[in-house]
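Common to both upcoming complexes is subunit A, partnered first by subunit B, then by subunit C.
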Partner chain A sequence: MSELVKISGRQFTILVIMNVLGTAIITVPAIVSAYGKQNGWFSVLLATIFGIGMVVVYNAIYKKNPDKNIYQQLELLFGKWIGKLLSFLFMLFAFHITIGNLRVMGDFITTQILIETPVEMVMFLALITCFFGVRYGIEVIARAAEIFFPYIILSIFLLLILVTPEAEITNIQPILQTDVAGAFAGALPLLGYPFLEMVLFLAFMQNVNNKRIEKQFLVGVTIGGLLLVVITLVCLLVLGVDMTTRNIYPTYILGKKISIADFLERIEILVAIIWFFTIFFKITIGYYVLIIGFKQLLQLKDYKTTTIPFVYVLLVFAVFMRPSVVEQKQFLTSAWIPFSLTFGLVLPVLMLVAGLFKNKKGGQQQSP
Partner chain B sequence: MKRKIMILLLSFFMCLITAGCWDSHELTEMALATGLAIDKEGDEYTVTAQVLNPGEIAGAQMTNRLSVSTYSTTGKTIFEAVRRLTQTTPRKLYLSHLRIIIFGEELAEEGIGRAIDFVSRDHEMRTDFTLSIAKGMRAEDVLKILTPLEKVPANKVFSSLEMSQDAWAPTKVVHVDELIDSLTSPSKQAVLNGLYVQGDIEIGSTLDNVERVNSPTLIKIDHIGVFRHDQLIGWLDEEQSKGFNYITNNVSNTVGSVACDKPGRIVIEVINTNTELKGKTENGSPKMVVHVTSEVNIGEVLCPIDIMKKKNISDVEKKVEKKMKDIMYASIDKAKELNSDIFGFGEVLKRQVPKQWKNWEQNWDEEFTNLNVDVKADVKIRRTGTISESFLNKMEKNKKKDE
Partner chain C sequence: MVQASFICLLSLFIFLLEYKRVKKLQSKKDKWTLSIGFMIALYFIVSMILDLPVPSMNKLVGKVFQPVGEPFSNMLESFQDQ
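Moving on to the complex of A and B:
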């Protein structure tokens, strides 16, 4: 990648938090409470711990070659052709993340707000915004994230504080006594998204202008994960297991619950604000990782030339690969788990092992 | 220069595509529905909507038109009927400002489950409206009545329900999420409050009704209807409804009276109550302990006792405790008779003794009818109002002297 681009450690942490929250913030409570019932929040906690563990693995990969992105590393470790093949597959992973998020966003808006607007139109507008982000490069994306971050945090806290009067502790009792096995099962779909998706950051980590980047990565995932735990907990406390599970967008319903003195009401758009910002960065990052992979694959001089064609490709695939909300949800809770495990867990571990092997070989060559 | 023109053109273009006009709904194209009434006719639903007449509510000049109108139509499902209404209304129904949904008693007895899916699925529906049953009549008749004080009858019903829950107690305001929660829970049954029309419906639906000081036709709030699954199976009376609210910790303020030792009654106002439910196991069977603590004030003294004496006050406290226990037992007995766990005792047991609950879960209905419930009441009289001893005592004495 272009070596001139540098982003600060703080901006990197914010980008990580945004990517953890992304789609997850609005759909995760429904998914985990379907498995773990009143212990759904525990599933999120388990997944967060796992996510932190994964970041340690990603950090180890980064440390091996701190000046090379994942595509360059793949070619370095597995040779040019196998490396290119793996890069291509990794791009497919980024591709799926991007169209998946795009679709979720389009579905949300056409379900809750703009019912009669064609989903293609909504997704097109969202994608155009992301396109500008990608075209201006990661530096601009990161700075934009830094600007929006306070608003997101403020909205989250406002939401959590305003719904507290509606919370009832009995909704999550008995705590961790029944359905514990379900709580463990509920953590599984969460590994796929958002935590294993963090592997995408390996594609531009070398651009971060900070020696403590590994720590920044860990901090980002931890904060993001804990925010998810709190939001799931509050969803369960306020809505109860049944409502949380049955709604497709439980966090949005949580926003609808806000009612302070019959006056402060109907401000569920607060939730939408949090969500639009975070998912924007999620789509942008996926898109960006895809583009730089493409550049690496074809050895292009400049990545910007491929950004426009990809708008069309992404849009068309988002429309045709996830034709309905039902298929989207089923994809996320079934196929996505092994798929994301392949690229988020197996591939990184393979890279680590290959790295060890390579080092040994390299060492032997040097020794005589 | 060329760049500037490009940017200008681009912004112009953006204005066109991002205006969101695809989903624009002008206020003049919407009919704001404040109340929905759902009845069953054969295998079709009749949906009646009470729609605001905005010009009458907020217009600068009042005409002699009514502030609301009702439209009614039938359909195989609720959603079909709601949309079929556009054949009779000039505007499309907008449901976000809905205050009440009323079910006809006949429909309630057959089952309301199928009627609710639409209510929770449609994006226009919020969760802040209440649901109730038209007791002994068709739901559409309730929506036809014009009410004094409130221009919008649906609003009047909504506030009546809330007011009577807050200040009188035998009323329960039920929102849709709570209802669905009870309908889906295996350890809790649903309740809905009833309402009915008192007087002539024909007169009630004309302006005549609100042009008199004493409106001949009124919408009255009734007591709590008990469900088993989604079917209405019986009604609690006033005392039992109050008992229900005591047990479910839903009493904020109410008034009640007890008989004195000497002829006459003493009236207390409940200021503050709190109920704790505890689930226990006793020899392998479930047991519930209901513990009510209540702070009350003396509201009316209609018998010759000296309420400034500590002993007399504690006597009254005991009597109030006994009365509270009686009405709670009455309500539990009624629920057992109807075999419907409306208090959610099952939920409490599931929470507090989860391991043993598994043994009872399968035949909870049977367990509930034989459930051992222990009710405890703790009443503290705090204040006696603005006067101490009643002047009635002195008056009675004077009366006696004259005789």
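Moving on to the complex of A and C:
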């Protein structure tokens, strides 16, 4: 399957940017401003720097075996059975990310746009779209991302430019003089969401047809992270700390603030356009990584075999994931942090260490 | 119940269509995986329709990681109160 399929470095960078923005673009300002207050943007900047550091680790893992995905590498480094067990746990992480994003999308649409529509129906429709993406493979997903990317960037710039007249510098003052410790703490939930989620890209990095893939990965995370910093900053400048913290989707509220000459008003759909595209690719990537994992785990001939059963399972688990948005916020600030650190930081570092030992052992065996 | 029966019938139809494709792969493992996968998937979707309890992924992750996550949560809460 994946041996023949190749995507370009540019497409890979776009997919990384889409994944960083994903759900974060609409929810992150509220999370960081709750802890860092007017310095919330600094929390995002700190998390971005951490994310860039993590990409260096992921690149090092990729460099060890550039023709193998994370599941194959796990089996190679830890042996067949432990490797399979770790692969299964990693798939649980991918599964959780996918249903989490699906649920966030469902909640957003049913609370802001289609209020009377059942959340199950919204999620089902979104999932069906992602299913077709996964079914056609990573090449088609990457090409679609390349097509939609200019619209996303245009929408982000339009949003930022149109709300600028409403910005007030006093909303972020004093800059880094009070609540600095809170700004550092506010970066914590952001490490796992969205930066440690980038570990999923190790599942198909061997499909990228570019020798400078490490650089492309770094560029993607940096651009995505900086866009998040700018959006958080604009949210704080326009809405202020109180409004940003109180709203679950402050970026969407930001769109509602657009008002030009009493003619062009409330074009919050701009935000929705950015978000629908980015979340679609985020769910699709999670789903794809999960399916590839199953193919590797069960040694199937075709990865498409499990795609349809997973539509059902993902939908049901997304529906029963949590009872409320408040509970999700609590989860993000407690269990999610060690959960994401386990798979996004501990597992990759373990893989690096195991790789070093394996190299040493191999060298010793070869030397006599 | 009508809803559940309809979903079962629809799933059977989808399964037969997909099985036809998987059959061409000439892989027993793929056939078994699809069949068992569909049964599990059907169990979950029918459970959802009939309002039966379905495990929550957040609860599972919470059970395992909450003790480690508690200090993070307490620390973040202290900043939120300020």
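Operating definition for what follows: the second predicted complex is superposed on the first by the 367 of 368 C-alpha atoms of A that agree within 3 Å, B and C clash if a C-alpha of one lies under 4 Å from a C-alpha of the other, contacts with A are read in each partner's own complex, and residues count from 1 in each chain.
In this section, a contact is a pair of C-beta atoms (placed from the backbone, for glycine too) under 8 Å apart; a residue touches a chain by one contact, two chains touch by 3 or more.
All of these numbers come straight from a predicted model, not from anything done at the bench.
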Touched partner set for A:Ile260, first subunit B, second subunit C, both or neither: neither
Touched partner set for A:Leu356, first subunit B, second subunit C, both or neither: neither
Touched partner set for A:Met121, first subunit B, second subunit C, both or neither: first
Partner chain in contact with A:Gly240 - subunit B first, subunit C second, else both or neither: first
Touched partner set for A:Pro309, first subunit B, second subunit C, both or neither: second
First, second, both or neither for A:Trp336, with subunit B first and subunit C second: second
Contact breadth on subunit A, by residue count: subunit C or subunit B: C
Which of subunit B and subunit C A:Gln299 touches, first, second, both or neither: second
Residues of subunit B that touch subunit A when the two form their complex: 17-18, 20, 22-23, 120, 123, 126-128, 177, 180-181, 184-185, 347, 350-352, 354-355
Sites on subunit A touched by subunit B in the complex: 111-118, 121, 125, 170, 173-174, 177-178, 239-240, 242-243, 246, 253, 256-257, 259, 265-266
Touch list for subunit A against partner subunit C, complex: 34-36, 95-96, 99, 120, 179, 181-182, 185-186, 188-189, 294, 298-302, 304-306, 308-313, 315-317, 319-322, 327-328, 330-331, 333-339, 342
Residue numbers on subunit C that touch subunit A, as the complex places them: 11, 14-15, 18, 21-22, 25, 27, 29-30, 33-34, 37-38, 40-42, 44-45, 47-48, 54-58, 61-62, 64-66, 68-70, 72-73, 75-77, 79-80, 82
